[in-house]
Amino acid sequence: MSIGLKKARAVIRATLSKGREMGLSPLSVVVLDPGGHVVAFEREDGAAPGRFAIAHGKAFGAVMLGMPGSAQMARAEGQAYFMGAMNGLFGGQVVPVPGGVLMRDGRGRLAGAVGVTGDTSENDAEAAVAGVEAAKLVAEA
Amino acid sequence: MSIGLKKARAVIRATLSKGREMGLSPLSVVVLDPGGHVVAFEREDGAAPGRFAIAHGKAFGAVMLGMPGSAQMARAEGQAYFMGAMNGLFGGQVVPVPGGVLMRDGRGRLAGAVGVTGDTSENDAEAAVAGVEAAKLVAEA
Amino acid sequence: MSIGLKKARAVIRATLSKGREMGLSPLSVVVLDPGGHVVAFEREDGAAPGRFAIAHGKAFGAVMLGMPGSAQMARAEGQAYFMGAMNGLFGGQVVPVPGGVLMRDGRGRLAGAVGVTGDTSENDAEAAVAGVEAAKLVAEA
Amino acid sequence: MSIGLKKARAVIRATLSKGREMGLSPLSVVVLDPGGHVVAFEREDGAAPGRFAIAHGKAFGAVMLGMPGSAQMARAEGQAYFMGAMNGLFGGQVVPVPGGVLMRDGRGRLAGAVGVTGDTSENDAEAAVAGVEAAKLVAEA
């Protein structure tokens, strides 16, 4: 089960909408498929130019390690060199903080991941979860 | 003058719509700002997973060299080692074929670039131009 | 609003002049546009050969993250692995210490960034701010 | 003998001035020392954002190979794979076309290199030579 463009758009729109509702800084949101490949991305006006890379790093790390951002952060807090090694392994494309969220269907199968950046990592993750659930997928944040 | 998210969405939707109208293979479309940074991207269902990189390479090369895909291809045909060097210079992020299209506002200022991939390079470029013009920008293909 | 060559020169000259006035070690100063691309650079005689890369890394990180060097350093002090991940994400081009200064126009729009290196990070940043203000831009250090 | 900042500025100003006199497109000019490290750079308004990398690649290749752009181009025309290998060897930082010019003092010692880009390679080289000679150095183009 792989997320398609229609659902990816739904995740992005609902995430951005949640960000506006929470009064967050401009957000950037990427949706990856279960292979870690980009399906869709949007960066709100006013966000820094590097936000694609950060959003992508959160979601890509989640897919490649099978571990959402919060779990990666716990690992980084306890064993920083391990997450540093993961970062090197995947060409620098691993950002181990909340905001990288795995998406599953109702039967627990991976549908992809969403990466959100722009506000605090915790707020990024909260908006991401809202986006995933609005698209009727299950979020693992 | 930098393209914002609203216009970027318009470019993408109109490009995809043109692709459907022309009966093309699934398309992937990226919109970059004048600094070469991703504003928005969408990949249609059925497109190969590497399509983000190809769309990005077409648009990124156009921005960095100030030269659309068709001009890059002409240069590559006449002086292949030069475009090879450009590819090395920009970390492999230069794809010198049609489908990388510069976008300008009515006063000739760069607004960004769009990169389209999925069908033949010529069809990719035709869809891109339609997308840019639908957003009331001037296309340099 | 993007800084042009004339203002970039003004920033560099005033930064170097401030460095002489403060009696600092030889400085290197880069000015980037809002997309993170080099507009101008000067390295004073006696500075080490790697100074371009350091100045660039300070300014580039500031643009890409939308965060000046002091804020990056605070983040690095509190969450080293996060700034390590940023470094990996941007190809090693992020140097999270003072001396990377965002430049805005009077309406708050990003004009670019300046990166200064050669003395202590704090002195680098002080000279950078003087340079930015001499060019009638607003410094976010 | 290594070029200092004062002479580097003279080379850049005279190169840009020659470009204006010849009616060329906006130019970008880098000056490297004999170790291939950046001393100074300026990009004229209107030049594409990737011009630093191209100017740098022309000058850096000239220093690292001890061979100006025209000689590199002759080699590329005759043996493209060799210059492709050089490009790979030096991290993509070799652009084998005219516009990379070695600078020597009156006794033939290397002072550094200048790299110019923005117009045709031949015009770039002509402006570079004028810049080097205006600074009372000997150009090997």
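Think of it as A, B, C and D in the order they're written, each chain with its own count starting at 1.
The rule is short, and it goes like this: a residue touches a chain if its C-beta (ideal position, glycine included) is under 8 Å from a C-beta of that chain, and two chains touch if they have at least 3 such contacts.
Just so you know, these numbers come straight off a predicted model, no measurement behind them.
K.L.:
Any chance you could name the chains that touch subunit C and subunit D both?
P.N.:
The common neighbours are B.
K.L.:
Looking only at residue numbers at the subunit B/subunit C interface, is the share used by both copies over half or under half? Answer same or different.
P.N.:
Mostly the same residues form this interface, as more than half of the numbers used are common to both chains.
K.L.:
Could you give the separation in Å between the centres of subunit B and subunit D, each centre being the mean of its C-alpha atoms?
P.N.:
30
K.L.:
Quick check: how many Å separate the C-alpha centres of subunit A and subunit D?
P.N.:
Result: the chain centres lie 43 Å from each other.
K.L.:
If you average the Cα atoms of subunit B and of subunit C to get two centres, how far apart are those centres in Å?
P.N.:
Result: the chain centres lie 31 Å from each other.
K.L.:
Could you say which residues in subunit A touch two or more other chains, in rising order?
P.N.:
Expected reply: 49-50.
K.L.:
Going by the touch rule set out above, what shape does the chain contact graph take here: line, ring, star, complete or other?
P.N.:
Chain contacts: none of line, ring, star or complete; other.
K.L.:
Could you run through all the chain pairs that touch each other?
P.N.:
A-B, A-C, B-C, B-D, C-D
K.L.:
What does subunit B use to touch subunit D in their complex?
P.N.:
34-36, 63-67, 79-82, 84-91
K.L.:
Taking the complex as given, what residues does subunit D use to touch subunit C?
P.N.:
4-5, 8-9, 33, 35, 37-45, 49-50, 52
K.L.:
Mind pulling up the subunit B residues that touch subunit C in the complex?
P.N.:
Answer in residue numbers: 33-37, 91.
K.L.:
Report the residues of subunit D in contact with subunit B in the complex, numbered from low to high.
P.N.:
Touch list, subunit D to subunit B: 47-50, 53-54, 57, 76-77, 80, 83-84, 87-88, 91-97.
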